[in-house]
Every structure is written in structure tokens, then in C-alpha cells.
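A quick write-up on the structure given underneath.
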Amino acid sequence: MSASEMPSAPSSQDAAPPRPTWQVVLVRPETMTFLLLIAGVFAGSQLSPFFLDVAYILRSFTLYSEFAIVALVLTMVIIAGEIDLSPAANMALSACIFAWMQQAGVPIPLAIGIGLLSGLAMGALNAIFVIGLQLPSIIVTIGTLTLYRGLAQVIAGDKSIRVPEWFIGIDKVMIGGIPLPVVAFILLAIVLGFVLSGTIFGRQIYQIGTNEVAARHAGIRTARIKTGLFLGIGLVAAIAGIVTASRLGSVRYDLGLGGELQMVLMAMLGGTYIFGGRGTILGTFLAAWLLVIVSTGMIVANVLPAVQLVVLGVLLIVSIVATNFIYSRTQR
Amino acid sequence: MLKKSLLIGLAAGFAMVTGALAADPIKIVYIGKNTGNPYFDSITGGFEDACEKLGCEFEFVAPATAEATSQIPFIEAQIQRGVNVIGIAPNSPDALNQVLDAAKAKGILVLTVNGDLVGNESHRDATILPVDFTKTGPNQIELTGSLIGYEGEIAILSATTEAPDQNTWIAAMNETLKNDPKYAKMTLVATVYGDDQPEKSTTEMEALLANYPNLKAVIAPTTVGIAAAAQVVQSRGIADKVAVTGLGLPSEMRDFIKDGTVKAFQLWSPYNEGWLAVHFALGLLDGSIKNEVGNTFEVENLGTIKIEEKNAMNTQAELTTFDINNIDDFNF
Amino acid sequence: MTDPTNKAEPLLSARGISKSFAGVEVLRDVDLDLMPGEIHALLGENGAGKSTFAKIVAGVHRPTRGTLRLNAETVDIPSPLAAQRLGITLIHQEPISFPDLSVAENLVLGRGSGSPLSRVPWAEIIGDARRLIDLLGVRIDVTRPMRGLSIADQQMVEIARALASDSRLIIMDEPTAPLTPKEVETLFGIARRLRDEGRTIIFISHRLEEVRALCDRVTIFRDGSKIATEDIGNLTDADIIRLMIGRPLKEYMHRGKSHIGEVALKVEALSLPGYFENISFEVRKGEIVGLGGLVGAGRTDVARALFGVAPAASGIVWVNGKVVHITDPSQAIREGLAFVPEDRAVAGIFRTLSVEQNITAAVPRQIAPSGIIRRTIEKAMAHDSVRRLRIRLASLRQPIGELSGGNQQKAILARWLLTDPSVLILDEPTRGIDIGVKAEFYDMIGELAAAGRAILLISSELPELLALCDRVLVMSEGHLTADIPRADATQERIMSAAVPQFREAAA
Amino acid sequence: MNFLRTLLVRREAGIAVMIVLFCLAVGAVKPQFLSLDQLRIILLLTPLIMIAAMGQMMVIVARHVDLSIGSTLGFSAMVSGMLYRFDVDWFGFDVPWWTGIPVSVVVGALLGFGNGVLIQLFRLPAIIVTLGTLSLYRGLTFIISNAKQIDRQWIPSEIKGLSQTSPFTFPEFLPIVGKFNIPWIVILAFGIAILAYLFLMHTRMGRQIYAIGSNPVAAPLRGINVTQVNLAVFTISGALAGLAGIMYASRWGFVNPSNTGNGFEFQVIAAVVIGGVSINGGVGTVLGTVLGVLLLGCVAAALPLLGIPGTSQAAIYGAVILLALLIDRTVRRQGIVSLKRVRP
């Protein structure tokens, strides 16, 4: 039994030739994000003479760093074929619970622990609905987004809860001239980038997002991995919420309001495929900077916030159209 | 390509140089709670007119939404732009502390205008409030009493449960009702909160009418609340039974005054807040005014202004009452 | 029966029809005349082009080249809607229905024209629907939603729909697979009646006996070309098979007997209510056990239960003498089971991921002992698999979706061989694979058994079961109905166990 | 058990029972809740949601979702508001009071059509596209209005009157109902519901919407023009959001670039999902949606009466959406099981 004894297969059965290497390397959404980033820096410097200042850009990035950190994990969730719109509300509720606890006299480390646990619990509730009950994550998390922020409002009313002075100012801690939250974002990006591309866990996230049924048949514990991702994003959102509390010095129920749009935008702009299976941490990393550059450039140029809303909306739509287009071109 | 960017760089350089050569006018920026809030149009008008008269540069910016943190990137941007004075209507009494401190550290004069950082006064230089807020409560009670013959059940429809200004006034109203024998026959039966949303304010108003059939008057010390309450009374045709009063914008209330739904309501002049802020700021910067409690200074149209406790100053002592006779004299 | 070719004009005549997908030609220069009042069978192996041809006629695909003439007029059929307006209806393999709509609506949907806002004449629709359903002699409440109807009933609704749209040409694409013989008989009766009314029916099937019972003429496709069109009476089964596969049946090599060892998989009283009941059997090392039966008899469900995809409710399973309770595929893999699922695209491949990743997907511990992927190990393993199974590809980094079906299936098999399974469950492993690669597969399966693995082979192709298996188990309606040793296995015995009525008669 | 099952399957009956039980429970604590006056309050709370819910329902039945309706509402209300505000500046004359109604509907339809084009042309998921246009349309509202509110003096009194005056009143001498009047806006909302019913149940396209939602892959094979239907669905959703926009101006007497319609989408989606419209498409009735809207209205009216702070309202909405999902899931699972029985 050797192949040569068999009647030769017709040409239609032969494998198609692979794409040339330069295409594989260059024709990808991250390239688009990178080019947009350069264009954004250029446009920003043209809009306002005050824009091109590394310290200012870093300071501005700090304001978005909590969202950016969560967006890195959200990227993994989206690659796994799900989505989570609730982390911004989770940030608010975890931070409110933390602030409320410490105000009630609970020692800060314990209050942080409870805040993080509540973040995990919120992730778990999402996981129960999405994985346990097999409901679509987008609708579930729209529901939990309303619920979590509503609960934050129940806990805190609309007053702000102060945190102690010494706890304030994580964003003022500099490491090599870079604010700590930005450093955390960069480090997390490196770690998650490696996890996603270099470990079996990351590999299986792509496999689940590409074809969940096949992944399950290949012995991949899809439920466990997806639950892990929802727990992970819940925990990271809680951390982000508490970091925000430290940056602001106080917590209110509207902390991070509308942040879900920014997070989704970072992932989408970075070329994460909305239907799962494709995307990179590098893309989201670049997109986070792009978003900050664009927002900051417009704010420092005193552009109407309305224009900023329009630009955000257009960016979101353009990025999905472009990503879909690039993937459809590179996929046979 | 290189040539082109070189040219742009040169042009930008020239722009900076010429900018520096011209005598730098004082730059004042006012950051509102959010865009699309009609109240701020009037304040901005005061800023603009005063700046035109005294020769300074003025800009108004505001975030699209009024959550606690949305003003932070705008403050950061103004610091970066190197403005001399930041006026702000803070969205949070404490979430802005860190960034305002940063502004003060850069030598920027920080004034809260129309709303203060209650409990965090050290994070701004001075505050400009329209009236002496201790008098607002008694003023409102007196007006209400005059509308209902100083007798009967009254209720309050406020903004949010934690709104600091409203809570100050409501406390004062309670005090006045309790202590002044003139109001002995008026009983406050309920205080409800419409969260400054028309829908919620309307349902709260309807609930008041259902729960207290003998209600004689409703005080709504918030512009959204009074309009919603007036609308309920108008649509039910019970203006002769339930008096609506409170704090409102003449532009929003004009119709209700004219058709008799609302007999009278009160407010101050937001325009004068802007006017005073510019005069005070420029006076401080050129040294003609000392920012010390107890000092006084003269302002055109406003007369003598005294710097009160906690570096607060008011544009007028008591509220202005609007009714059918004077409503057309006001255009804000 | 009069010879339909004597009638003057063909209803539909195709000339030089060719079709390419992404540059690959799947249909080449097909000329075919369909006469009014004939039932015309299209035969051919999977991928031979018969379904593509049918879909071109039904407007699902547009031909790359060639012309269609309907009643001597050249027609362009850009869409199924256009086909319907021309009186051409395609009845799909798996009836496509709108489960939330009523039976009556399913019947009329897409029929006729009119403004989008024109009124839906409910009374008329329901009346017509009742009439049509009655005409077919079945009992279905036309006002209930389609959801919950049996496959056979859904198929009847499809046929009723073709009648409702007054189609001149009805294409039935493997309509009988899910039907019981009684239902098949009803269907044939209707088909004959339709023919006698002067309509034309294209009948696509793999079952020669059905073709013989029903059809007037047959056209045989192979590798995208039309090979022959003949009156059915002029061809023997052997002729047809020879035309279809291009060589006699006996080239399906009968493998030599391998050494059969101890029991590797034992199943006792396995049940999952609604799917299968009380299934007991065993498979020994070195043994190939076939699992036959009609589509929907519960075979795939048993496999899925064994592998933990959809665990059984009760019953005991032994693997290599040890009782196991498998509730998840990962557990099954640890116990030494492997499962090549029926639908490759749905449950097998990761389309956009590399061949390499696809091959190593089930052995994460081997390519990443510490959780971090060791590229050199992975590459070596994938490379070795490609060489051993002769997977034809351009690069290991190529997305698997770019490979042909047969090579994709080889990659899936390679994936499972890397887990070194003691029990290998193959569910329709050669479906949609061209004939050359098929033979390679048969050899491989034989070799795997010879190497001492226990193999459970689910197949609907009787020759495949007969050629490969040491024993053939047969399932019918969720029950195990026969266990036939190789020596006694014939197509007739397997079919009689698979078809419910015969079983009852035999019992 | 059987009764419970019927309830779950016949969702409309279930919601109706829920409404009655809820009202009785609230009435037990606060008897004034069970009055015609309260009925009028509830009815007045619901028309905007009901109008938009009819469009959203069609979108969800077609297996999409439209998150942009709040911004669409705001934009179309703003266009009409500006028309009233600046008509003399622009055209030199006062436009008739009713102009805003067709203008808002057309503007809303155009925005909805824009959604449809993006979704249908680029094959993008509706949820992401409308998340983008939610931001985009809101931004445009700020831009065209220069971030200025249109105050109530500019809104014609006839428009405002629509939510106050009634086309008919019961004779005064009748007991109880004598003072009960139903404002135009409520009648309009129910009229839209009836039109939606006729459209969905009795027109070709209405049925095609169900067909697409029921089986989007098969729909084109049956000759359904999916592009046309989807465009129509999003256009209708936009048009109804636009109508809700001018009704917002009527109900609240102003149009604000930032508040008007903000967060509206969540209320509408909650009402639709509670009303038994399945997020998996193909399932849902106008009656169910109307009842879902009314249930939300009852809850909204009862909260202040019971003295529950408004701050818990969002949490209650969130919980209600999740609850509706659970019920939907229960019903769906029964469907799947019964299907699997005949088709393993």
C-alpha cells in the first residue's frame, strides 16, 4: 500500500498553495492598527502644539490604563468566541464594595480581598449563565452590566465614598518615569501575549474560538477554560476597579461608566475577530495606545466631545469592517 | 515626503515662536458638568462677556456625560495647554482632588464655579456660588408659604439623595419649618428624589399626589424636578389645588408661568457667576485682590463682594423670584 | 411504460454546464436532457458532481459555463426564487424548514409574488395546506409549528410544498435516508403519481435498489463529469457501480485476518432515554467491529456517549478491563479512547488554524509538558504524522481549511493516532472523501487493527462494513438489533436488522 | 405542573398573570395603586417604550438587536426640535405644529437604514454595529445642536398637548371613569402596536421576518429577499425610535442632546425580552411585547409609591432581564428536547 498505487487524485483535491510569507506577516489587522497609531500621533501633533509630550501622553494613558488592562483579558474572551460587556460595571461594583467595607471599618487588605472576591463572583455569575446555561454571552452580559451597576448604586447611592489618604495615588508611583498602572498594563500585555501565543492554554483559547465543538471533541476542556476566562476577567476588572479607586481617591457607582465601549473598541481596533478564533494581545496593546492618542489629541485640542463620540463610533465600525475584510481575504 | 514633513515642522516652529512673541493674554477655561446642559450656557455667557471686556482668552469645555471621572482628562489637557485659570463645576466632590492638586502645583488658579468640593475645599483656591446657600432654604419656604397661605401639607421633590447643595437646602427648610412660628401650620409630609431625570421625577411626583391627596405644594429645588412637577400638574389640570415652586430656569419655566401652572419660582443669575469668576481671577492674578477670608472687592454690576468662610463668594445675597410680571425680563 | 425519450421536447436541457469553486472545477461540460414525465436518477460517489448539478438547476449555484434550456427557451436561474418561479423545486437532504412557523406557512413561504405589504390570505393558505397534506395521505395539523415534526413529516411538507408551487421539475436530494420503508413506499407512490401527471423528478440517491424501483433513467457522474445516461433497465448493478467508481467493486480490498486479542471495550446496558436503550457489546483488541443502521438509529449517539460528548444516563463501560465513568472527552482520551466524528467541518477541524495545530490538538501534554509549547517537539510530531499518513500539503503552517477533504480527514486521524488509543471509534470516516483516498483509509484502518487496536466503525456504506469488519452490529431506533459475524454478514441481513418493520417481523 | 408549563409556553398568559399578581401585591400594601388614576399614570409611562419596542421586537425576531435606538430617538427629536426652534431663521416662517412628526419619523428611518446597510452590506453583527452607531448618532446629536437644549417654549403646544389631551372623554356623570381620559400619545402607542400586529401577522414581509429569524440560512433558499427584509426591519426600528423621539418632545416638553433617549435601549430591550420575544429569533408576539411594556410600567410606577429609592431601579431592570433569559431558556430547552426525541 503506497500512494503511487492509488489512482492519482484529480487536481481539485490537491492542496492550494500557501500565501507568500510577506502577506502572512504584513496583511493583518495589527498592521492597520499600527499605521493608524502613527497617523494618530501625527494628527495629534498637528491639532495641538501641546500634544507631543511623552510625560503628558503617559499621564493621559494612566486615565485609560484600567480599561486597557481589562481589554487585554477581554481580547482573550473574544478570541474564545464569547464577549463580556460587564467588566466596567464590575469595576464599579467591586470598587464600591471595597470602599464601603473599608469605610465600615474593615481593614484595607481585607476590604481589597473582599472586593476582589466580589469581582470573581461577578465573573462566576456570568460564567454560570453563559457556560452553565448556554445563553449567549452578549445578552447575558448586557443584563449583568445593568445589574452590577444597579447594585453599585444600591450600595453607594450616588454619594462618593472616600478611601484613606495613604491609599490614594497609585498612578503617582513612577517606575522609570512611567506611572505604575501603565507599567502594569505593559507587563500584563507581555505576560498575556506570551500566554496566548506560547502556552497550551492560549493555544486552546484559539481552538475553542475557531470551533468549539471540535475543541470539545479533541478533549479540550472548553467549559473549564471559558469559565476560567470569565473568572479571570472578573478578577482583573475588580483589580482595575480598586486601582481606579486609588487613582481617584473616592468611589462612586458611576466609576468607569461606559467603559465597556472603550474596552470593546480597544479589542476590535486591535484586530480581534468578533466571531472568535483570531486576534492578538499585540493588536489590543497597540489599539489601547491608539485610542488614548486619539482621545487625548482631541481633548487637548479642545475638540467638542461630540466629535469625539462620532470618531469613536466611526472607529469601531471601520475597525470591524477592516478586520472582517482582512480575515476574509486571508482565509480560503 | 521628508521635505514635506520638514516644512510642516518648520511651520509649527514658527507658530510657536510667534505665539510666544505676542503678549500672552490670560487664558481662562471653564469646565462644565457636561455638554448640552442649558444651565451652563448662561454661566458661559458671563465668562465670555467679562473676558471680552477685560481682555482675556476664554474657552468652555465639558465632557459628554456627567459621571464622576469624565472631567479628569479635560483638566489634564488644560494643565498641558498651560492655561492660567481653571473654573470648574465639579461632577464629584472628591474624585477630582488629585488632578486639581496637580493643576495647583503647576501654578494654575483653580476656582469652583456653581458647585463646590464640599469637604475638600483645600483642593481649590476659591469657590464662586450664586447665593448664600444658607438663605436658600428659608427663601424657598417663604415663597411656598406665600403661595398657599402658610397652611397645609407640602412635599419636596429633590435631585439625588446625595446631592450636597440640595441636602443643605432641605436641612435648612426643615429647620425653618420647625423653628419659625410663621410656618407652624405647614407640614412637610415627604421628601422624594427624582435623580434629576425627567422620567423618574415625573413618577415620583405622581406618587406624591397619589400618596398625599391633601398636598398643597411641592418644592422642587432642582431645574429638572420643577419642570417635571409642573408638567404633571399641568397635564392633570390641578394648578389651583397644588402649587409647584422651587428652583428653575426661566427659559424652561416660561410657559408654565404664562399658562398659570406655576405662580412663582426662584433662582439666581448664572450669568453673574461667570462674570464674577473672571473679575475675581484677573484681580488675583494682577494682585489687586487678595484671596483671604474677609477681604472685599468691587465688581462692576455686582457691587461689593466679600470673601466669606472657606474662600467662598456669592454673586447675590438672596434668590431672585420669577413670576408672571418679570419672567420676560430674563433670557436664560 | 412508454419510453420517455420518444417524447418530442425535453423539459430541461443542459449543455456544457461547468462549475468552478475558487478556481477548482467540480463540474465539467455536463450535457443532460430531462424529459417531461420521467423520474431521472443521478448517481455517483460523493463529490462526483451530481449535487452540484442539481443545485445549479435549482438556482443555488450559478454555472461557470454552459446553458440551461427550459421548454426550449434559454433560461438564467440566478436564485432559488427564480427557480421556483420557473417551476423548479429542490427538496433538500435534510428538509430546510422554519421551525417557528406553522406547517401551512412553511408550505407557502416564498411562493408567488406581490408587494411586501400585501395581505397574507390566512384562510386560503390553511385550506390549501390541508388539501395538499391530505392529497399526500399523511396526517399533519397544518396550524401547528414545524418544530417538533418528525423528519419524515417534514419531508412530506417539503413535497407538499413542491406540489403547492405547481412545480414541473422536482429535485429530491437523498430523500429516503431518514425514512422508514413504509414512508419510503408512500414517497415513491407520490413520486410516481407526480410523474404520471407529467412532472419531472430528479432523484438523487445512493441506494441502487431504490433507484431501480422508482426511476426510469439514470445518469451517472464521476469526478465532475457525466459518464453515462441510460434507461435503468439497460444496466446491471455491477454496471452502475463500475461506471460510478471506474473499476469493479472487488478492488475494495478485503483485508487479511488479524490476531484478535482480549476485550478492549465492553459496554453493558448503556441507555440515554430518547436516543438509545440498553446497548451492550464488546470490541476486542485487533478487532474491527462495524456499527450499521439507518441514519438516526442512534449509532452516533452511542459513540458520543462512549466518548463523553453527550454522556449516557445509565449503563456500565469497561475500557481494557477497567470500569470507567466518562463524562467528558478529555477523560475518554485519558482512558485510551479516540473518536473521529462524523461531521469533519463541525466537530473535527479548526478551519483557520494550521495543519500542525490541528494534528497536535489532542496531545497538549506531549507538545507542552510544562504548559509552554515546545515548537520543535510539535513540529517533529506533526511532520512525522504527515509522512506516515501521506497527508498532501504545502506547509505545516498552512490553514487546514486549504487542504482537500481527504487530507483533512487524514489529519484528524493523525491527531488521534498521536494519543496512541487502544480503542478507536470511527464515525463515517470516509464520507465526502474521494475514492482514491478512501482505499488508503481502508488500508490504514486494517493496519491499525493489525497493530492491536480495537476499532468501532460506524458506517452507512454496507460494502465498507462488509469489507472491513470482523463483526457487524446493527442498530435500529435506538436498540441494538443484530450482532453478525463476518462470515454471515450480507447486505440483506444488515438491512433487515436496520429497518424497524423487518425487525419486528423477525422477533 | 401542566398549568405551569402552559404558562411558560403561552408566555402572554404568563405575563398577564404576573402583571395581575404584581398589581394585587402592590395594591395590598398601597391600595391607591389599584385606581384608575394609577392606570393612567402607568399608561403614560409606557408609550415611548411601547412605540420603540414594536421596532425592537421586529429586529429581535429577525435575530438581530438594535442598541442604537436611544441615540436615534435623541437625534430625530433634536432635528424636529431644531426645526421648531429655528424655522423662522431658516425658512422665514413658522412650520406647522405637526411637521416634527413626519420629520422625526423620516430622520429615524434614515438612521435605522444606516444601521441596516452596515449590517447587511458588510455582514457585521448588529450588536457591534449598533454599539458603534449608539455612540456615533449621539455624537451627531451634539454636533447638529451645538450641544444646546431645545427648551419647552419652542415645542408647539399642540405637540405637548398630545400627551395631555384626549381625543375623547367619558361623560362626567359616569362614576369612576368620569374623569378618566386617555391621552393621544397612549392611543397612538396602541395604534402602533395594532399596526405592528397587522404587519407581522398579515403581510408577506411580516411573515418573512419570522422566517428569517427562524432559519436565516434557509430564508434566501426559499426566495426570501433577506437584504430587503433586514433593511426594512432596521428602517422600521429607526422610524419608530424617531416617532418615539417626537413623542419624547411631547411628553417631556424639551429635547436635550445628552439626556434625551440616553439608556432608553435597555428599557426597551428589557420590555421586549420580558414579553417573550426570543433572542434566538423567530419567536415573539406583539401582545407579549405590549404586556412586557406594561409590566415594566407597573414596576416603574410602583417603586416610588412603595418608597423604594430610584437608585435600585437599574438593579431591578438587570435582574428582570436575566430572569427573562432564564425563562426563555427553560422554554427553549423543552422545545429542543422534544425535537431531539424524533430526531436523534
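Order as written gives the chain letters A, B, C and D; numbering starts at 1 within each chain.
Going forward, a contact is a pair of C-beta atoms (placed from the backbone, for glycine too) under 8 Å apart; a residue touches a chain by one contact, two chains touch by 3 or more.
On a predicted model such as this, the values are computed, not experimentally measured, just so you know.
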Chain pair with more C-beta contacts, A-B versus A-D: A-D
From subunit A, the most remote chain by mean C-alpha position: C
Subunit A and subunit D, separation of their C-alpha mean positions in angstrom: 31
Distance between chain centroids, defined by C-alpha means - subunit B, subunit C (Å): 74
Inter-chain centre distance, subunit A versus subunit B - centres from mean C-alpha coordinates, in Å: 38
Gap in Å, rounded to a whole number, between the CA centres of subunit C and subunit A: 42
Contacts with two or more other chains, residues of subunit B listed in rising order: 35, 62, 64-65, 161, 195
Where subunit A touches two or more other chains at once, by residue number: 157-158, 304-306, 308-309
For subunit D, residues contacting two or more additional chains: 138-139, 142, 147, 257, 309, 311, 313
Contacting chain pairs - touch in the sense defined above: A-B, A-C, A-D, B-D, C-D
For the subunit D and subunit A complex, residues of the former touching the latter: 65, 118, 122-125, 127-129, 131-143, 147, 257, 266, 269-270, 273, 279, 309, 311-319, 321-322, 325-326, 329
Parts of subunit A lying in touch with subunit B, wherever the complex brings them together: 45-46, 48-51, 53, 56, 59-60, 63, 157-160, 162, 168-169, 171-172, 244, 247-250, 252, 254-258, 295-296, 299-300, 302, 304-306, 308-309
Complex contact set, residues of subunit C against subunit D: 60, 79-82, 84-85, 90, 92, 96-101, 105, 109-110, 114-120, 122, 147-151, 274-276, 296, 298, 300-301, 478
Complex contact set, residues of subunit A against subunit D: 129, 133-136, 138-140, 142-151, 153-154, 157-158, 253, 261, 264, 268, 274-275, 304-314, 316-317, 320-321, 324
Subunit C contact footprint on subunit A (complex, rising order): 1, 3, 6-18, 198-201, 203-204, 206-207, 210-211, 213-221, 277-278, 331-332
